[in-house]
């Protein structure tokens, strides 16, 4: 799916958030990224969706070099990736329904498929009855689920989720993880940043651990803590 | 510290977020509020800090009826309560240092005590080196710790934390919980909304469980799940 | 909380707000300046129209009483005394027919030689009457006309009246434009500040959650409005006074001198402009801030 | 993506944007309207000053050639032909001294009786020369003055030149004010749209994260700018044309008729105003949007 070759990101204030990363994620895989706060997990995602450019190194996506993309080609790249942002990024002036429909309109889906898909995806995350609410009328966990619904609705090749269960109770978290598993089973690649030990230990998937911007562990069928 | 008598909150769209709540929190206690997403936990907090008024019922704080407060008296009430908001509410145009100093200025602390206390509280949450960064240059967990620092800096009688560890890795969460314990030990009342089972089970404190806006459990030295 | 601390906080936060929202601040100052410059333009026009109309009115505001050639010097004197004793009369000046002809020759300049060929002086002896006020004119004219020995009474009533009505029209029109402009400017600035406030909604709400008093929340914004208004006013003053100064010297030298119309010198009105502009600027700033903040005080 | 879908999206989002940010939209429209109304005012002043100066110039733009009383009719005819053959001459009219006196008596009206007492007619025979253009004046005057039998050549050069320079001054001044106003207005509207855009920063960024093409992101905002600009323009047109119409009928009836100065009728310039205003409104809208959006395209 994508590859990082010796990627380093140094922010403007000389802070090195990600250092010399080498990483290859296979098509159709499901991987967790773990690590302490500030380890560079979100920076990794930002590099992948071209929100920031790497200071050094090369990034490939589907075999194509995306290290530097012209502003015309960035949108086409981003359509292949669905992101659940750590801070949700819902539009406060649009209702829940409109927020999801908006994501579909943006990539040119037909009104018909919008009318069909939005209710589908809302019932998938269990929020059909909140369709006409505005985001600031929702509980934190509800907002998070809307963000998830929006990321999956366009059926991207790769879904990246940055702490998608941070605001969810264990039960709802489990439901969400079931949804992610199902999506992954149908062929979508999944990359998930999480602090939720229970989930990681339960899923038995690949675990990539970051520390101070470096990969310090990369195990198939791993646990949240090394050697458990 | 505070008491809820038959408190009900119905939002404008007729949604009942909190129903017939009776609750008494003792001075100097440490309590967890748990419950599924949308159970009404944040609404409970909003009622307590007068962000919303109850539809029915009475709320007492330090023996005083605060069900309805004039706009002049709300600020005085809020100074007694420090809140860690679920969505952080940091000011993006102010640096980390300024964000905390701002909270102190707002309640009229002297410049001298601001210069003394801000570094103190920053080192307490382990972010001394981020003092000059702006919030959007911080990792999610770092933002959350700034929000915690801001809530405690004015030494309020009551600290309410809404998912203060949602974006934190287990290690950092533990550190934060130690800080909260220490603050509580010194006499500050603590009320914490959380989905983190590990923390609740470890702390052995009072647990109040909400479901669909009602209190369905209230146990001293409880666990995240009933009967564990 | 100590008053000095509130004061310092207000000043500091106010200036910080201006600096941090540079673009918006610039827009506000720009709006205030633009509006006040236009306002200044109109005020200048109105003041000068008034001044010109007053001076022109004075020139025309005389009644000419032409006397019969046949009457005696005695009667001439009598008429003069009668006119002089009328309550509306400010001054009476006698102009003999010879003096009138001389003056005419002089005034005509080159064309004066046309008058050389005259056998008799066709001009009458004249009393030039200056009035206390225009309103006495018709009564005095009626009063004099009936008298013996008066050939004709002449008064540039039409011109004076048209002049007055033109000047009044320009003034009324200018005031209407000023009022519209002021409304427009308050609207623009109110919106600007509303947006400033809205762009700091999070900040204001946070202040309220932390427990800042309403005054503490409002203070910096109102101060900010005042500063922005003042800055706009000062810029406008600089533009208007310098522009007007230039206009006055340019036009008095090159243009209107031929019309013997002179513009009011800039330094004569600079203090008024200063006071008016600063008042309006500050007023707009305060008003805009208060209106924009109102909805946040119920939180 | 289908073109029709992009089009529909642009329209829908554009109008939704206007509606959802009502306050801001109103402020933008208000600014455009205010600026254009003032612009209209100045355009009207310039147009009318031009028209008045042209008509006044025509009145004064004649050369009077006074002939010696002593020359023969033959010579008079010769001089007439010489003047007529000069390339700058548009028309020559002969005015006999008797006709001139009659005309003068007539023009003086009541004062004409002054001229009754003249023994000889002191006025000369005159050729009134109309020029193709003012620029020929000095050459022609030089050319004629040397001729025999010419007493004097008279040309209201000063008046005409002062008039022209006054008119030019007012026009230049007006154009400068217009340019300043346009800059101010572009500035205000650019800021307004910058704020609209900033207030939707989250939305724009999100669109870009989801993978919307740049055109898809920009389209609705530019459309919004155009709609706001058009609305401002139309409001301004209504205000300006109606106001001007009222002004014309009021002033032509009551005020300036005495100066035989007439304002250009509103319907003669309404089409120009329409075109100018809509162009400026739309231009400001597009320009403001593009400038404001630029920084978001690098994300």
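Order of writing sets the chain letters: A, B, C and D. Residues in each chain are counted from 1.
Here is the rule we go by: contacts are C-beta pairs under 8 Å (C-beta built on N, C-alpha and C of every residue); 3 or more make two chains touch, one makes a residue touch a chain.
Please read these numbers as outputs of a predicted model, since none were measured by experiment.
**Student:** By that same contact rule, can you tell me which chains touch chain A and chain B alike?
**Tutor:** Expected: no chain.
**Student:** If we define chain centres by averaging CA atoms, which chain lands farthest from chain D? Would you check?
**Tutor:** Centre of mass proxy via C-alpha means gives B as farthest from chain D.
**Student:** Please tell me the distance, in whole Å, between the geometric centres of chain A and chain D computed from their C-alpha atoms.
**Tutor:** 62
**Student:** Could you grab the centroid distance between chain B and chain C? Build each centroid from C-alpha atoms only and quote it in angstrom.
**Tutor:** Taking the mean C-alpha position of each chain, the two centres sit 62 Å apart.
**Student:** Quick check: how many Å separate the C-alpha centres of chain A and chain C?
**Tutor:** Once rounded, the distance between the two centres reads 68 Å.
**Student:** Need the CA-centroid distance for the pair chain C / chain D, whole Å please.
**Tutor:** 25
**Student:** Multi-chain contacts in chain A: which residues touch at least two other chains?
**Tutor:** Not one residue in chain A touches at least two other chains.
**Student:** If you look at chain C, which of its residues touch at least two other chains?
**Tutor:** Expected reply: no residues.
**Student:** Going by the contact rule set out above, which residues of chain A touch chain D in the complex?
**Tutor:** 49, 51, 71-72, 74-81, 83, 85, 89, 91-93, 103, 105-108, 110, 154
**Student:** Quick one: which bits of chain B touch chain A in the complex? Just the residue numbers, please.
**Tutor:** Per the stated touch rule, the residues are 11, 13, 34-39, 41-42, 86-87, 133, 137-142, 144-145, 162-163, 166-173, 195, 197-198, 224.
**Student:** In the complex formed with chain B, which residues of chain C make contact?
**Tutor:** Touching chain B: residues 1-2, 5-6, 9, 20, 202-203, 205-214, 216, 297-299 of chain C.
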